[in-house]
Every structure is written in structure tokens, then in C-alpha cells.
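Here is the structure we will look at.
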């Protein structure tokens, strides 16, 4: 079987796993107060170019989003997000379970536009009944988006400006950050992310860790009492050093970025394989997730060839949209299997 | 340094870690729907003697308590617990953050009594203003308790009866279940736990896993829609198979119980070392946590000898209560270090 | 000043106020357990044709919506509503504050369509990731809607069928129920409302009471423990009999329906006044709220004539949408003032 | 029937009701933005000696407590209160439903002691695990307490100092404030309450209003976005002017204080009636609630004489504790009825 279903179907990158094994027998204090978490935080601060950012290592993405969003918002505020955003669609109501409305904006292949954010905020405060509605208290975006697209530096700068003139924080969900930074044509650096947002997270689960996300808070007045919130929202690990050990490995010798580069290169190869065979992409993704509109007969054929990938939905009667994802565990043999399977398809 | 601080200061038992390494490169579906989770569930069902119990593997203890308690209680209900219970003291308000009051009962070395539970419920419903108060909707106990004590089979049976005649579920927090089952003089089996409670969890984090707790639901009408609740409460892992792999290892060849037995035997050795040297226990614990009242000069001496343990609080001017905990990583050399350190103490 | 701003700008209908004055010195038990609440409930049951419905009298509309929706939904569920629905827009996040997402449907002048509800539910359960999303747990509609429109009997029957085949309750917000029942061309009776929904509320605040809404629960298995929920959600009044006294008055001698009829007739007169003068309605409302697109110069002129009404928003450069509302306190003199003001307008 | 059950069994004081009737036909804007609310706020500010206090008029006591406490606390904080405090016992879990734990302190006839508050806070922050517990974020007290007792000026000053040195707000529940200010031997003025607390509320429901509580915020940085919180917590009234009209009446010609004085004098007469007949008080209350330990035979006899009061619980086999409460509606004839009934009792 060859797997392109997702970037969280395999375990940890070998270097990450090695670190876990090498440190397994050591005793440390719990809950993230150990030397590995400190060291990981220091490495992350350096990579971000933010000497005084606070870094917290949390268990997973849903937990991180719930902790951060609930921590940032006042009771009367909601979070602005693309209507396709993960928190708007796929958090099982975890944001609302904390008491907050997700205020949705139109999306353009997963991205929101600064002018839409500005208009939402302006319209809100110019409505006479605004006190009876949910105030926009922060902006959530993802980099890359759920559609595999990335914001340009100009777009990100514009969003940052709109947020800061409205005095609301900009939070970036970086569940797949490495793949965004390695995206074809991307002009945004990790330092830009750190500089333009108020806080963001660097995804580990989908980029070579067993689990774990690193929250980086650059606006230092935000979230003064984060620890108990982390615990309340299920984002705390008793053996917290497991997160430190993993992120230390990921931020040593540029491993995190290398994983991103390799997987994106492989994803673009997949894209070329399909497009040069005459099939078309469904979204202009430049990252490790590629979406295609394929004939249903081809989809059946690929499955027959033991190629596993994700079905997204029908497009007309004879085609469907599917998703192919690469990750640290994707091999060049996997790509060849796919290419071979495609060659053997008779239209 | 010799560590007796807690049972979650080291990584995973070598057999658990081996399983994680051996399966690391495999691809599986996410969120606990893989074959390892299924296999672990099957092994746990067998160990519990409950062929039709539902088993869910969750990330950690706080997450499990929040998910289960919030899932079981109606909006107007609270959870009965010992005033020393983990959910009453050390969950950072995670239960209240879900909207529920913890209704506290007196404790006797960490245990609650069936007659106190009955009286609470009877008094509640005989109060004319009960509709203005929080109804007791379930009972939470821990086995073993936060004081290292265990319920006898008679005590557990009595609690089960009181709950069932009041028609409220009995939930057992088994964060350290293996150590309770291996307790000196214990007459309760895992099957008894399964039979007498409506649901409980088998702790992995403190018994040889990197992390993870196995919820076992024996009352099958409870919690019909658990999956989204698991996600909402931060208890879901994307790479869910990590939980399956670990619990499969723990429930193969009786490993879970063996870890418990070894650690309890070591803890009782520590107890004997102290008591035969003339020091007294602070609690009648029969499990892997031992509490002593020691002279402050001895405490200083042990620290000087690089023995690490937990300080609980002063007892009078010259003594303090301390906690020593054993776990899978405790070695006999650790015990000898402690014994040597104690011998070299000059009163 | 002549007021058409809303139906809650004046106090109580004189008969309601008389009842409050007449009973003011009497002593009764609190919290709605008195004879007036019982008598009001009985009158309401009769009017609804539901001998065994449960009737609860709550303080206000937001409180009622929060209590009922939070009480009906399981933790993993959200409430389906028109994207223009009051709970989706104007409850200040009170529904999300209880932990629930409002799942929005397209609206057609405030109304939702049975086929859209069905499609939402079908699509939800046929999505492979549905467990990661918020399940549709009930349908909220308002009668009349926020746009002053009413469902036909056929439409309401279709919605009821869709809900019941999906096994989710249908809840009707009747904040302005009397005006809906009195709507021009309406073919739905109070008995139909009771028969086709699972529960609904009869609005008092906007129909002649000082405050108060009567919840009628016809599906008797729903909301078994409502009292503490009413208190938790701020919907309980210590001097609960004030609600009973008012609803007793409203449901004596058909007063509730008479208030509706009078105000709707007046609103339709206003509509005719504008349309026969050549101005157009902005919505096809048949109830006590009328929306017009008027030249901005006319709007200024009316204000100059001391006519007060609500501004809704611009329509193009020279026109705006405005709302005129009638209620128990609207007099025929008010209508004449408006007609005179309109006559004196020079285009 | 002669009623001493509670101070909320009758309607409004005649002057309050007159104001409601006199203003009933007027039109005003909704939600508390009208001239009556403004005028009431101004009168209250003057009475409190706080020219720049913010005053908000809310529907009821539970709603007020939930709004204020939820608004003041951060997510990781709880509210300190006497274990007998209303929010700890009789709010149906409304505080926990907002996500906050009530942290209980020992009580002395309903009062908490400054040294206990200080010790709680000191102990909390000196505990190594404090980040895993709920932080004390504010202090809630009631004046008078649920036992009818009042704090002395010294006690209140000490509590204020402890709170302010710990940097947590002091909030006073004044549901029965008038009766506390009129208490026998009381040395605390309304101005003291305003000066020593950060915010408090002046109860209307139990002191002559149909309903309504006036929140007075003297620490002006607190609760900057209160309006939507008021709505979220069910404390907002559409016809908000009803609250303004009532509090305007209560704060005109000293009515609020007069109601308190009269009722307290009557309560003390009741106390004297019982004690001079040889019966004893159960609590040293100096306000409008009086608690007695009476023989069960006397209790039966009084009921026989159509005297209505509240049963609190048994005291031994032959006696029970009962509560007698006076209010604006208590008449001197009521007191005579009681005295006569007592005289006719044969031991």
C-alpha cells in the first residue's frame, strides 16, 4: 500500500524518535518545566528571530486553538476566521464549547482578505445594535490554509495592519507551517510570521513529531496566565519533556525546514505527474497537499493499484476531487508507484 | 540523582517504547480508528472480563476526567467527589470550565464513604430548595486515591449500591490503577472494578506509557456520542494509533500488572526502610506512593545525598510530610541509595 | 413625538397593568409556583389545544432562547437557524456562551426551507469527517420571522416532518407570535404551532406585557429538569407571580390575539399609506413590522415631523430602508400623524 | 393568612408601583438607555457619594451575580465566598455554568474573616502546585449575609485591605442592602460600602421593587464591556426603563432606606416578642430576617393560627429552626397577629 492520505498517518521522523529513545530513561520534572522544553524554546526563539518571545509546547492542534482563542477573547468577543477555516468547520465545536462564536469571512482558496476583515470590523461598529452582537476580538488565519495555499508577504502585511489598527490580535495556525514556508513561490519567512502576527503556532504533529505544537507569543502582554488555561483545555502533557525533546530535535540542524522542503518537492512532483498526464488541479496549492479533479475511473484504478489517498467529493457526474498529501514518511518509491499506476491507466 | 518524585518523571517502559519504535514507519488512519487501538481495546476488554465494554484511548488524565464528567452530567448536575479528590483540587478548574460544580464529600485518607454519599443525596432531595442547588449527578472516586489508599471490595460494593439505587453513575479514576490492584492487602480485581463501576479509566501515563488513559465503559447506554466530546475536551490525538500501540504493549503478557506489582513492592520496601529506622508514615498507604513524617534535618540530609522526592508540607516545627513514589523506572539500586543515605543520617 | 420604533417602547397593556396593580399587595410563593402562574398555564394550554403541555413563564426572549436551546442540545450538537435568525445575529453570543454553535441556513425573507434543512442534515451525516463537526441537534425558527414574514401551514408542516424524520426537535421563537397569527393571509393557528413544533414560546414582552415569555412544551419527554436551567440562564424571576398575572390577563377574553389583530391592522394601514403614495416596501411583511425603501429626503422630513422609526441601512445613494412597528400602544392618532407628515412631503 | 416567609412574596411598594403606572404609556428606547435609567443612576451615585461610579440596572440577583463574577474573573480564576454564601449554595450552579469555581471559606454566622481570606491567598501562592489549582480572583461577600448578620466597619475595612493588597476586587452582594444598613448597631453607611468595595449591588427585588438590582461600579477600570455580558447572562430587560422607573422611585425621598428601617424595626419587634416569651434566637441577626429555635408544637400552633413562615430544619428531636422575614408589605397588624398567636400557645 502506498499512502498519500495525510501527513499524520506515520509516526515520528527517525531523528525525532531517536531523541525520544535516547532520553527515555532520564527523569525530569513534569508539565513542561524541564531542560528539554527550555532548550526547544530557545532554539525556536532563535529560528524566529525573537529573543523575548514566550514559547509553550502543547499536545495538539485542536487543544492549541481552543487554549489560545479562549485565552485571548473576552466573553463578549468572537474570533474572525475564513468560513473554510479549521476552527469554523472541523474542531467539533471546541471553540463554541469555550463560549465563543466563530465569525466567518468569505474565503478565496482558503485565504481571507484584509479588506474583508476591515469591512467586517467597520460594519460591526457602525451598526447601532452592535452591543447585541458578538464583537470581533481577534483574527485567526492558517499558514498554509486548509486548501494548501499561502499568503504572500504583502497579503500578510495587510492583514497584520488591519488587525493592529483595530487593536485585535492576529493569530496564525501553523499546523503545517513547514510546508507553507517551503511552498513554491513563497516569499514569507518564519521571521515574517513572528513579526507580523501577535502569536502563532509551529505544527509538530504534521511535520515529523509524534504530536505537539509550539505556541510562539511575540506580543508579550497577551495571555499572562497561560499555564492553567493549557491544562483546562486539555493541552497539557504530564511528561511534558516529550514535547521538548521532539521540538529540540526538529529545530536542530534545520530538520523542521528540511522536512517541509522535501515533502513539498514531492507534492509538486505528484502535481506534475498528474498535470503532464492531462489531469487538472482543483486548487492552486503550492504546498504538500495537492487537490485534483480526476475521472472516477482513474480513482478506481489507483485504488486497485493500492494507492491510498483522500476523497473530497464529486465534481459533476464523472469526476471527483481527491487529495494527495506528502510528509516526512513519503519516499521516492511512493512517487514512482503512483507514476506507474497512472501510466497503467487506460482511459 | 535518585528520583522518587513521581511516577511520571521518566519516559515509557522499554517494551512500550519498543512497540512505538517497531511500528513507527507504518501508516494508519488517524484519531483512534486503526488496528492497534482495536487490538488494545480487545485486550482490555478481556482483562476486564467485559466482552461488550466500549474502550476509548485518550491523551491524559485531566482530559479524560473533563470528557467523561462533562459527558455524563446534565447541565443542572454536579459531580460528587472527595474534597481531596483530584478533580476537586488539581484540575485547574477544568471541571468547572465545562460548567459543572464539584460537590465535595469528607474524605478518610482519600476515600469517601457510602453512607456519606447516601446522606448527601438524601439530604439534597429532602431540602425544599433543592431546585436552586446543584443536583448530585454522578460519583467520582479514585482507585487508588490521592493518598495511596485503596477501597476494599466491601467498600466499593457499598458505593456501587448507593449510586445505583440513586440512579447515578459511579466513575473510577484509575490514573494509578495498576498500583491499586497490586496494593498490599487489596481484595479488588480489575474485573470487580469493571463490574461495580459504570465506567472507569486505566491509567497509562503513570504506569509505563509515554501518555494515555484507557476509558472502559461498561454501562452501555452512557455516553452515546463520545467521539466529538473527546475532541472538544482536548483528549483526542491525531496519531491515535500511538495510544493503541502503547496499550497493546501494556496489556500483552500482563505487563501492566507487572509494572504495578514491582513498583508497589519497591514502595513497601521504602516504607520498611523508614519505619524500621524509627520514622513513621503519615498515611496508611499500601501502594506506590508512600508518605512519611520526617525530621527536617533528615530531609536536608537526603537532599544532600542527591535523593529527590516531594515535599508536602510542615508537620509541627521540626518535621515535614514528604512523598516517595516508585514507578516502572525505579531500580533496586535506587532503593539501595536511599537506604544508604538513611544509614548515614546522624540524628 | 409619534413612535413607530418598536413594539417594546411602551409599558404594559392597560388590562395587564390593572391586573398587576390589583394583585400587588397579595403574598404568594416565589419562583413561579403560585396560583397565577398555574392559572395562566391552564389558560395557555386551553388556547393551544394541548391539555398536557407543560408551560413555563420566563423573564425575556434571550433568556428563553438560551435556556431552551442549551437544555435541548447535547454537548456535541448545534442549533440550525436562518442566518438572519435572532439567535444567529442578535443574542450577543448568548447561545455560544452556553457552548453551542449556531449552524446557519440560507434565508428567504427570514424563512428557512424544509429542503435546505433536509440537505444540511443529509450532507452532514454523509460527510466522512462528520464526527469532527458540530451535529445539527435541533431547528430554531421564528414565527413571524425577523423580517415580519410568516410560514404557511404547508411550509410549517414540511419543516415539522423533516425535523421529526431526522429525530431533532423543532423549536419556534414566538417573540411576536400574536402578530404572526394575525398576519394578512396567515393560515396557521396557535393550535397548529403547538401541534407541529415540539416546543415554542408565546412572546409577552412585545405583545402587551411589561416582560415575560411563555414556553409551551408539547413533546413531553423533552427538558425533564427545566427549573434549574431556567435559573442558571437568568430566566427566573423571584416574584414569579408577576409573569402569571400578566399572562393570565393576556389569555383572558382573547386579549393576546386582539392586541395582535389591532396592531397588524394598523401596520397594514401604514403600508397602504406609503404604497398608495408611491413608495415601496422592502420586504413582503404581513405583520406588525413594515419595511420601506424611502428617499433620504423623506426620511429627514418625517423626522422633522417628530415621527420616530428605525433606520436599517442605505439602499443606493438616495434611499434607505426603514422599519415601522406597531404595538398595543399605537393609536389611530399616531397613524394620522404619519399620514399627515407624508402628505406634507414635497418631492 | 399572615406572611413572614420572605421579603419577595408581595409586589412593589405603592410608590414604586405608582411610578410604573404613571409612566406606563410613555415610549422610551429599550435596554436601559432611557432617561429613567439615567436619572436613577444619578440618584444612586449621589446616595453613594461617588460622582463617577458607573451604575447598571439588572433584572435579578442570580443574573447580577453571574454577570459580575463571570465578567470579573479570568478563565483560570475562581471566586472566594463563605461556604454559606448564596453563590456557593443557592444559584443552581449558575456560577459554575459560566466556568468558574466557587472557592469556599469558613463562615461565622454567614460572615467571612479577613484573616481567612489572607491565609487562603497566601497558602495558594505558596503551594508549589498552585498553577494546577484555581486562583482566587475576587472576593464575594453579602451585606447583610444569608444569616441576617452585618459586617462592622472594621471588619469591612479589613476585608477591603486584604483584597486590595492581593489585587483582587471585593464585590458585595447587597440583595438586602437596605436591611443591612438599617441593622441594629450597624456602623456601615452606603458610602462606606461604595468606598470599601470595588463594586456592589443594591437589591431592589427584596426591598420594594417588583424586580431589579442596581450594580454600582466604583473601580472604573473594571468591566469595560459590560453591556453584552449583561445580555449573555440573562440580566437585560428589553423594556429597561422599568428598572429605571423603579430605582428612581426608591432613591427619591429616601424611600429605599425607609423601607429598610421600617422592616428591620418590625423584625426586631418579632425578635422581642419571641425572646420575651422565653424562646431563643438561632442566629444573632440584627436585620429583617430573624431565626428562632422553636418547639415543634409551637410551630404547629402558629401554622394553625394562619401564620406563615419558613422552616429551616430540625434542632434536636423537639425543636426546629424557623425564619421570619419582614418587608415593605409587613404591617403592624401582622405583628399583632403573631403576638396574639404566640400568647394563645399552651406549652
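The letters A, B, C and D name the chains in turn, as written, and every chain counts its residues from 1.
What we mean here is this: a residue touches a chain if its C-beta (ideal position, glycine included) is under 8 Å from a C-beta of that chain, and two chains touch if they have at least 3 such contacts.
Predicted, not measured: the structure shown is a model, and the values here were computed from it.
Asks: Among the chains here, which has the CA centroid at the largest distance from subunit B's centroid?
Replies: If we average the C-alpha coordinates per chain, C ends up farthest from subunit B.
Asks: Would you say A-D or B-D is joined by more C-beta pairs in contact?
Replies: Looking at B-D and A-D side by side, B-D shows more C-beta contacts.
Asks: Using mean CA coordinates as chain centres, what's the gap between subunit A and subunit B in Å?
Replies: Result: the chain centres lie 34 Å from each other.
Asks: Need the CA-centroid distance for the pair subunit A / subunit D, whole Å please.
Replies: Here subunit A and subunit D have centroids separated by 51 Å.
Asks: Distance from the CA centroid of subunit B to that of subunit D, rounded to the nearest Å?
Replies: 42
Asks: Two or more other chains touching the same residue: where does that happen in subunit B?
Replies: Counting only residues that touch two or more other chains, subunit B contributes 75-76, 91-93, 97, 99, 131-132, 134, 228, 231-232.
Asks: Which of the residues in subunit D come into contact with subunit A in the complex?
Replies: 70-71, 74-76, 99, 131-132, 134-135, 225, 227-229, 231-232
Asks: Once bound in the complex, which stretches of subunit B touch subunit D?
Replies: Subunit B residues touching subunit D: 75-76, 78, 89-93, 96-102, 128-129, 131-134, 311.
Asks: Which positions of subunit A touch subunit B when the two form their complex?
Replies: 1, 3, 5-6, 8-12, 14, 17, 20-21, 23-30, 59-63, 66, 91-94, 97, 205-206, 210-211, 228, 231-239, 242, 308, 329
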